[in-house]
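Since the structure comes first, as C-alpha cells, the remarks are kept for the end.
Chain lettering (A, B and C) follows the sequence in which the chains are written, and residue indices restart at 1 in each chain.
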Amino acid sequence: MFDVLIANLPYLMKGTLQTLWLALVGVGLGTFLGTVLGVVSAMVGGAVAALIATYVFVIRGIPVLVWMFLAYYMLPQLGLMVGDVTAVIGALILYTGAFVTEIARGAVLAVPRHQTEAAKALGMRKLTMLRLVILPQAVSLFIPPLLNNSVMMIKATSYVSVVGVWELTYAAREVVERTLAAFQIFLGVMLIYFLICYPLTLAARFLEKRYSYEH
Amino acid sequence: MSTKPDMPMIRVRGVYKSFGDLKVLDGMSFDVARGEVLAIIGPSGSGKSTMLRCLNFLEEHDAGEILIEGEPLGYRVLDDGRRVRESEAEIARMRSNVGMVFQSFNLFPHRNVRENITMAPVSVKNVDKAEANDRAEALLEKVGLAEKIDEYPSRLSGGQQQRVAIARALAMEPKVMLFDEVTSALDPELVGEVLTVMQKLAEEGMTMVIVTHEMQFAHDVGDRLMFIDRGNIVEEGDPTKVFSMPESPRLKEFLHRFSASFG
Amino acid sequence: MDAILDFFGFAFIQSQLPRFWDGFQLTLAISAASMVGAVMWGLALVGPRMSGVPAIVVPIMSYIELVRNTPLLLQIYLFYFGLPLLGLPLSAFVCGVIAIASQHGAFLCEIYRAGIRSISRQQWEGALALGMTRRKAMRQVILPQAVLKVVPPIGNQLVILIKDTSLVSAIGIIELTLSGKMVIERSGASFEVFLFIAAVYLLLTTTFGVVLRVAENRLRARQ
C-alpha cells in the first residue's frame, strides 16, 4: 500500500537533508541573533530597546511567507546577487530572530530584581552580573519556549517551497504531481516532519515541567 | 584616589530623593564614624530603607552628596555645584567597599553556599580562588554554618540563609556593612541567630548602619540611634536616652505604638 | 516629491490597487471563515480531550500532536490534493479554510484546556460544596474565570492564523500574497509591491490586535 512512498523515499530523504540544512542555518543563526538582541534590549533599555522592539513588531506582524517573497524579489534588485536559497534563509533568520528576541528578553527580565541588586551591592559590573547571576537563572526560562519556537520555524522552512526553493515539501509536491499518490506522499512527508519536530516538543514540555518543580 | 583618614566613614549631606511626586528623603544630613554602629528606626514609609539603599547607590539620590571615607558615591559635586555621575566602574568599585544585607536574603539560588560567598571576591576583586575559598570557610565558621558550605540556598532555613548572606557580604572585606530590616522576613525563633552574628560583628569594630524594627536590638547594639519620619531625622542620640526620654511627639507616638503591640 | 514616490513605485502600486483590493478581501474572507472554524473546532475537541476516557482521549491527542508538529502547508496540500481522490472535489477556498481551521483548532483546544485546568480545585470544590451540579459549576464558576485567562493567548493564536492565510496562495487562491506575486510576474514590477503587501499585513494584524485588546478590557471590566 505504501509502495509509492517507499519507491520515492530516497528522493524525499534528499529533500529532508535540505530541510534540515535550512533549519540548521536559518533557525540556528536566527536564534543567535535573537538571543543577543533580547539580552541587549533587557539590559540596556532606552532607545536601543525601542529600536529592537520596532524590529520585533514589524517582523512579527507580517507573514513569514511575505518576508520570503520580499527577500526573494528585493535582494537581487538591490544588486545583491545572492541565490534564492540565501534570500529565503535571510528571511528565516530575521523571523526566528524576532521571536527569539522576545523570548530572551522575557527570560532576562523575569530574573527577580533583588538578584541584580544583590549582585550590584557586591560591586559587580553589568557584564559580570550578566554572566554570573542573570544568564544562569534566565536559561531555564529561555530553553523551553526556545524549543517550541524552533519547532515553529522548522515547520516554516517548508514555506520556502512556495517561493520556489527546493526542499522536502517541494520534493513532495514534485512526487505527487508525478504519481498522484497525494495521501501516501503527503502523509509520509508529514511523518518525516513529525519525527523531526516532536522530540523537540517533548523536550520543551519535559524541561518546562522540571523547571516549574524547581521553582 | 587616596582615602582621607580624618573624614568620617560615611558623610551624608543634604540628600533629597523623590519617587515621582512623593518626597521620600527631605534633605538628610548625618555622619557615621569609623567603627560606629548606627541604628535607624522609623515607621514604614519614613524613608529609612531608601536612605540605607542610597548608601550603596541602589537608589540614586536626586540632590546632595554622599561620601564614603571622603570619596563621593555615585555623583561627584563640582565646585560650581553641578553633579556629574560617576562611571559604572567607579560605582562598582565604591560598592565593593560597602557590604549590604537584604530583608529577603537575595542569595543566588543557582549557586551553592561556597560559590555564593566566593563569587564576588573572585570576579570583582580578582582574589585567588583558593584564598577566596579559605576565606569563605573562615566566614562560615564565624556565622556558625561551616557544615553547610556545599548546600544550595533553597535547602537552608531563613535564618541560615541570612547568615550566609552576611558572610557573602563580609567576604568582600567591606569597610561598612548595611543591614536592611534583615530579620523582618524571619520566623520569630530564627531572629536570634542572625542578631547574634550582627552583635559579634559590632563588637569587632565593624562600622554598621542598621535599619530595624527590633527595638531591643537597636538599643543594645547601637552606639547611636536615629529616628526618621517623613524623610527627616526627627531625633538622634544615645539609644538609652532616646528611648527613655523621647522629645518629639512623633517618636513618643511611635514608641508607644511599639510597646502597645509588643507589650 | 513625485519623483520619490515614483521611485518607490507608488504610482504603479496605485494603478494596481483594484487587484490588491480583491486579494485583500479574499484574505479577510479566509481569515474570518478560518477563525470561526478554528474556534468551534477547538471547542468541539476540548470536551472529549478532557473526558478522561482513553479510547477517546488517545485518538484526539494523537491528532492534535500530529497537526501541531507538522507544517500547515502540507496539511493544506493534503486536503487540496487528497480530498478529490476521495471523491470530494472541494474548492481551493474550502480546502484552505478546513486545513487552517484544523491546525489552529488543535492549538486552540490546548489553550482552552490550559485555561480550564488553571482554575484551581478549590474553585471546583467551593462550587460543588454550594450544591451546584458539575455542569452548573462549570458554566457559572469555572468557565467565566477560564475565559478571561485564555483571551490573550487566543488572540495571539488568531493573529498567527491571519498570517497563515498567506499559505493558501500555494494552492492558487489569489489572496493578498499571491496577488502581489502575480502583479510582479505579469507586469515585471519590482519588489516595492511586496513592501506594500507587507505594510497591509502589518496594518491588518495590528488592527486586529488592538481590537482584541479593547474587547479583552471590556470583558475584564464587566466581570
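Following the convention adopted for this analysis, contacts are C-beta pairs under 8 Å (C-beta built on N, C-alpha and C of every residue); 3 or more make two chains touch, one makes a residue touch a chain.
Just so we're clear, the structure is a prediction, and the values are computed from it rather than from any experiment.
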item: Graph class of chain-chain contacts, one of line, ring, star, complete, other; value: line
item: Chain pair with the greatest number of C-beta contact pairs; value: A-C
item: Centre-of-Cα separation between chain C and chain B, whole angstrom; value: 55
item: Rounded Å distance, chain A centre to chain C centre (Cα mean); value: 20
item: Inter-centroid spacing, chain B versus chain A (mean Cα positions, whole Å); value: 46
item: Multi-partner residues of chain B (at least 2 other chains); value: none
item: Complex interface listing, chain A residues touching chain C; value: 58, 61-67, 69-70, 73-74, 77, 151, 155-156, 158-159, 161-162, 169, 172-173, 176, 180, 182-183, 186-187, 189-190, 193-194, 197-198, 201
item: Complex contacts: residues of chain C adjacent to chain A; value: 65-66, 68-75, 77-78, 81-82, 85, 163-167, 169-170, 177, 180-181, 184, 190-191, 193-195, 197-198, 201-202, 205-206
item: Parts of chain A lying in touch with chain B, wherever the complex brings them together; value: 114-115, 117-126, 128, 132-133, 136-137
item: Chain B to chain A touching residues, read off their complex; value: 56, 58, 88-89, 92-100, 102, 104, 106-111, 119-120, 123-125, 168-169, 172
